[in-house]
Every structure is written in C-alpha cells, then in structure tokens.
Amino acid sequence: MDKSITMEEVLSIFKDEMTIMVGGFMGVGTPETLVSAVDQSDVKDITLIANDTAFIETGVGPLVVNKKCKKVITSHIGTNPETGRQMIAGELDVELVPQGTLAERIRAGGSGLGGILTPTGVGTAVEEGKEKIKVDGREYLLEKPLRADVALLKAFKADKAGNLVYHSSARNFNPLMAMAADTVIVEVEHIVEVGEIAPDEVITPGILVDKIIVQGGNH
Amino acid sequence: MDKSITMEEVLSIFKDEMTIMVGGFMGVGTPETLVSAVDQSDVKDITLIANDTAFIETGVGPLVVNKKCKKVITSHIGTNPETGRQMIAGELDVELVPQGTLAERIRAGGSGLGGILTPTGVGTAVEEGKEKIKVDGREYLLEKPLRADVALLKAFKADKAGNLVYHSSARNFNPLMAMAADTVIVEVEHIVEVGEIAPDEVITPGILVDKIIVQGGNH
Amino acid sequence: MVTLVPPQMAAKQIIAARVAKELKNGDVVNLGIGLPTMVPNYLPEGVNVILQSENGYVGLGPVTVEDPDLVNAGGQPAGVIPGAAFFDSGFSFELIRGGHVDVTVLGGLEVDEHGNIANWMVPGKMVPGMGGAMDLVTGAKKVIVAMEHCTKKGGSKILEQCTLPLTGKGVVDVIVTEIAVFRVTKEGLVLEELQEGVTLEEAKEKTEATFIVSPNLV
Amino acid sequence: MVTLVPPQMAAKQIIAARVAKELKNGDVVNLGIGLPTMVPNYLPEGVNVILQSENGYVGLGPVTVEDPDLVNAGGQPAGVIPGAAFFDSGFSFELIRGGHVDVTVLGGLEVDEHGNIANWMVPGKMVPGMGGAMDLVTGAKKVIVAMEHCTKKGGSKILEQCTLPLTGKGVVDVIVTEIAVFRVTKEGLVLEELQEGVTLEEAKEKTEATFIVSPNLV
C-alpha cells in the first residue's frame, strides 16, 4: 500500500469552492510544492483554513495574492498586506480566530466533538454571534468544529504507509489538520520503507494520511 | 535543576481526602512503586481517577482493596471484583465514565477548557444529570473537566529536567494526566542527562513534571 | 452440519467467519474482547485490515517479542505489525470518536430493532463499566454486533426494545449471529441472510424483534 | 539621565530591565514580539527562565545552527536550549490556556484601570489579527504589559477605559512603562514604583487612568 501520488493526481483532487486546510506557521511547515500546485491550477473560490496568511511570496500567501480564495479562516494576517487590503476592499471574507481556538476547533472537527468551550475571547469582539455557556460559574464561548475537504500538510519524513514525523517548529498545525479533512495529502522531504519509523516515534499515524508527495514532486 | 526525589519526600506529599490521578491501563503504564507508597501510607479517603481499577494485586487495584479510596472515577471496574463489591455494599462511590470521555475530561482540566461536548453517552444512563447542548442540530453531553491534586505517572525515560518518553502501550493516560494535576510525580525506568532526549521525541515536556523517582525508589 | 468442535464453539466460528466478510481491504478495525478477536482468522485472501487498540495504538498484531508494556484492550499480551504507531488515550479516542475507525466489532447482551445496543451492565448483577464501548459505538463508521443469537436460557437477544441500560442509541449497523445476518435500516431491521442450514421459520422463532425479510431471501 | 542611546531605545531598555525583575527562577515565560524579546538580556544572576514559543516548543534560545524549520513566534530564526521539546499547535495552546505558562509579557496599544488590554487591531487602519495573544492573556498565570507610556502623539496609553477592541477583559496583572510600574488589583490600579528620575507629578500627568499610589511610595 504505497500512498505516493504524482502531481497530476494531486491536481485532479482540487475543485472550485473547496475548503482547504494548509499546515504551517508563517510559511514554516507549509507544503510549498502543494500550495504552488493549487496556485498554478484553475481552482477558485477556495475557503482557506491556515494559522496565518504568511507572506506575499511564501507560505500560503500566494493563494491570497492570486485571488484563489473567497474566504480565509485564520489567526493572523499582518505579515501579508494583501490579505488586509482585499478584506477592507470587500474582496475577501476573513474570519479571525484566536490561534488556540483555531487549533481546538480543528481538533474538534477531527475528533467528533460538538465544539469547544473556551475562555479565550470572552468579553471581546470574538464573542459576537456565539453562544456563551456557563460552567460552574465561569463563562465560556462555544466555538464550533472546523473541517475541510482537503488538508495539505508538510512533514519531515513519511513511511510508505503514511506514518509521519515532523521536524522542530515545522510541526505546528500539521498533526491537527491530519485529523480534520476528508482527503489528507502530505508533502515530505523523505519517504522511507514501512518499519523504518519506530512506532513510539510516529506523530501522525498513517491511517490518517491518504496521499504522499515528495517535496518538489514525485518522479 | 534535578527533579529527583526520595521516597520520604514522595510520602510527605500525600494527604487524606486528596484527589489522585494514576496513569495506566489494566496496570500497564501504572507507577507501581508510587502506588505501593500510597498503599503503605496512612493516607485515606482518596478520590482516585484512573482508567480502570486493574486487578486485586496489581495496578491501582490494591488502593481499592485496601480501602484507601472513598471515590473512584473510572471507565472500567470489571477486572477487580473488589471494586464492584464495595460499590454494591455502599462502601465506595464509583463514577463510571466512558473511556474517551474520561480522557477528554482530563485533557480539558489540564488545558483550560470549560468542559467538552461529546456525542458519547447521549441516550444512555451516562447523560443523567448532565446538560445537553445542541450544536447544528445534533445533541452533545457537556462533560466537565477533571483535575487532581497529585498525578502519579509512569514513563519509560526522563531527563533530569523532566522531559518524558513512554514505551509502547504503557503511554495511555500518562501524558494527559501530566497536564491536569497540581503536583506531577513520575516514576521512570531510567533517568538521563538533559539533552539526551531529542526535542522532537519528547512526549511530555519537563515543564509539566515536578518530581521524578526511579522505579523501585531513588537511592 | 457435522462438526468436531463443541456446538457453542462452532457458533462462534460461524459468527466470526461471517463478520470477516463485512471487512474491506485497508479498513481500520477495532475488535472487542472475546469472539470479535477471532475475526481476523477468517479474513478472505487479499483483505488486510489495520487493527486499532483503544489503549493506544494502531497496528495490533500477534505477540512477537515479550514486552510487558504491550497489551491489547483486554489487557492480554499483544504485538504490533510493521508500520504500527503508539499514542496516548486521548488521541486514541480522537480517532474513535472522530470517525477514523471504519468498523468496530463487539459483543452484545441485547440488541434491538432500533439499532440500540446494551452490553455494559446488568443492574444489580454485573457492572464492569463501559470502558471504551460507548465511544466505539458512537464514533466508528460501522458498528457490527457479533453475538450468539440467544441467551443461555434460550431467550432472544434481538429484541423489540432493549431492557438493559444502553451502550448506544440507534448506533448498530449490522448484527451477525450463528442464525442470521440483520441490517438496521431506516425502515427497520432487515433479515439479510440466513446462516447455512437455518430456515426462515427458525430465525423468526428465535428472534423477538420484528424484522423485514430482504427481497434477496424470498 | 544622560545616555548615549536614543531616548526611545533607552525607554525600551528601561522597560525590559524592569520586566526582568518580575520573573522568578524556573518560570515558564512567553514573550510577545518586539520589546518583550529584550527581557532575557536583563535577567538577574541566578534567574533562569524557560521560554515557550506558541508555534510549538519550550526551550526557545538563541540561534545555534541554521534550521529553516526553526523560528520563533514572530517568524524569525531561532534556536533551542538543551532540554527543549517540540509539540503541535494544539498542545502549545493546551499549555497556554491551561495555566502552564507562568508569565506572558506582551506589548499593548491601550491598557485600562480594569485590567483590560487592547493590542490586536485598530479598526479601519490595522487589523493584523490576534494570533495567540487572546489565549495568552486568558491563560497565562501572570500577564505583564510592557509598553511605552504614551503614544507617539503624547497621549496616555493607560486609560480609564480602553477605546480599541479588547484582546482580553480584566486580564492584566502588571503594567511596566519607562515612567512607572502599576499593578491591577481588586481596589483598582496601583502605582507601585516610579522609574528612576520620574516624579509622581509626571506619572499623574501622563496617565489618564485613575490610580492609587502605593503606600510604599509615600
């Protein structure tokens, strides 16, 4: 069961109006080859879920710059001025979510929870339109789960069954998003044989991974 | 900053009426030396939080058998007949919690969430006395966070800063409980120098660990 | 049917073999203790499944090396296959509740025509606790109940309405016994298949629940 | 005070040095971008803190080897000290929201006498997003705002009531500026300390918020 696919197969997966999660934190841990594939495709009106919109030329930034998105759900847009410009111009719908809440909402989407009860954002603009639940005298926001049609992830190494390990701070949102999408595609630096990653060291089990591509594209 | 302590120091931590979480699944991944210390102490009226009550002679079983507990919060008591006997005789309060819900409640307690919204247990006796929350048309139980005064955990290896790695299925509830107690004491098979566990391989960061003891007791 | 094994064992083998046919190549499967653990012995050629063990791993396999830390969800010594992965109990139930387990096979004390299942306690008699069973029946994509058709006293375990405390409400997809195979549908319980040598009359006689007979059978 | 650095830089150094005194040996600390990152330079002898980086690790340190995968929460190249640990963003915020971070030091656009802080947007002008700031002010055991006392136009940043959208409500514990140190208490804002060479009159003049003067100061 080799999960490697070609770039052509990757491209056939993307559809207009899809919700796509992309791993990474300011471009670190973002699958640049996969993002570039989306960017160069004809796909449009994506809902993008990512920690931040990175920079004009790196990370998920180009997807915003090249107007692939109709909506972005993210915690930070400050390093990519084009996101703010499109938002203010009414060209792009931006939902700003506290980073910890974003992580938990994705986790909830991937783990069958009905949502999360978080103290983060209580008393701020973030609570607008949301249900508040009191538990033992303290107020929490009910934040709803997030899921995607496709997750585009970056890992350091995969075995052919899709077991993943990550490298330093490039881990970030990748393991969470691996739980929360119908199709999970991972870009890796190395593919190794099954058995070469010790079971105690696997971070994302292969059962969550559908497709693997090597950085730069499979040959 | 060496977190190793002696058995005398461990014993000074336990107090009557404490809530104690203990890692393990049917005794596997349970810190037998620490459990034995509690068992042989004068401590009484403990509230014990553990996945199961293990067996008469192993795991957390002896804590029930020797009447150290006034209450047990657990998912399974079937392998330790003494738990059921005390429960039916009215000598022990037993709160049965679905295993996944138990894990999430501990995680919520350790991560500042107000509780969890789970579909597990809806339409069963588990929902009695609990708030039901509807999210997008589906019902979930609001299950409250769990915390403890002390967590007694088992890891395979610690460095002196308390970074932990676990071995095979002995991981189970240990990493979750490391988040959710005021004092976290870990029993390990080996203590190594700081730096000997690679940062990418740490499962429980040392900042969560207060005290370390080697299996069988420090010398 | 002439057989060299005791009738009860034969029943279990018949059930396990039939459950095995419900599994597809690549399925992630969680097996309850007892009868369900026999299912992998009957997998057809070319069908490989990945076993999830709720105490914290995928890739459960036969014991290969002695490791006191490695047990299955019944606490028995276990092994792992190449490509296995260990994780904590929280993540294990993220997988289970989150629909990442394709099939769970578990025993039942009672099942009813509404897809309810009871298998975690008998009030006043046996209260082992639900363990992971409630999460499994709630979260697994397909719930197969593998059990003998009747109690030791001969009463039907497939009822109009469960009488014991439920493990899950409306969660069962398939019921496999040594008598028959039922599917729970919106229209009600459907008898899909009779085991070899069983007549429709026998199935009706031994089943309290009302069921529809699949057109394939008549 | 005669100084060889530009006044604004001097202000930042004064603030960072004073914040450093709030930290205890062994504290787990999360530092916001900009001024807060200067704090470790001023830690007293014998005080070592463990830096948490919300993008996924504890044990942030200076760059030692080139690793494009290793950045701080501002996206800048970073390093780790021995004993560091990496984890995912979910776990990172479990630590933050769960009270496992002892202190967070962050800048502010506005702070008020109720302990409110605003530092994530200026409507119509600058909407970078809150990143991890809302979780940090909600979850960290101690929230220190490290900022210059006044805006570039000379207006007080310590107000009776914040006018900008809040990052957190009633969450601030300590405010350190180049003018003074305030603590937020149940009784209201308390002026605890004046920076060297600053008079009480100057502090009053530059602070819009009402504050109590600590008995230690009179």
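Each chain gets a letter, A, B, C and D, in the order it is written, and its residues are counted from 1.
One rule holds in what follows: contacts are C-beta pairs under 8 Å (C-beta built on N, C-alpha and C of every residue); 3 or more make two chains touch, one makes a residue touch a chain.
These numbers were taken from a predicted model, which means no experiment stands behind them.
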item	value
Pair with more cross-chain C-beta pairs in contact, given B-C and A-C	B-C
Reference chain D; chain at largest CA-centroid distance	C
Between chain C and chain B, distance of the C-alpha-averaged centres to the nearest whole Å	29
Rounded Å distance, chain A centre to chain B centre (Cα mean)	32
Chain B and chain D, separation of their C-alpha mean positions in angstrom	35
Chain A, residues touching no fewer than two other chains	104, 107, 112-113, 118-119, 166-168, 199-200
For chain D, residues that touch 2 or more chains besides their own	57, 80, 86-87, 93, 96-97, 138-139
Pairs of chains in contact (touch as defined earlier), listed by label	A-B, A-C, A-D, B-C, B-D
Complex contacts: residues of chain B adjacent to chain D	1, 107, 110-113, 159, 161, 163, 179, 194-195, 199-200, 202, 205-208
For the chain C and chain B complex, residues of the former touching the latter	53-57, 67-71, 75, 78, 80, 86-90, 92-93, 96-97, 116, 124, 126-135, 138-139, 165-170
Chain A partner contacts - residues on chain C that touch it in the complex	26, 28, 50, 52, 57-59, 80, 82-87, 93-100, 138-139
Residue ranges of chain B touching chain A (in the complex, touch as defined)	104, 112-119, 133, 135-136, 138, 140, 142, 144, 165-168, 199-201
Touching residues on chain A, where the partner in the complex is chain D	25-29, 51-52, 74-79, 84, 87-88, 96, 98-104, 106-107, 118-126, 156, 166-176, 203
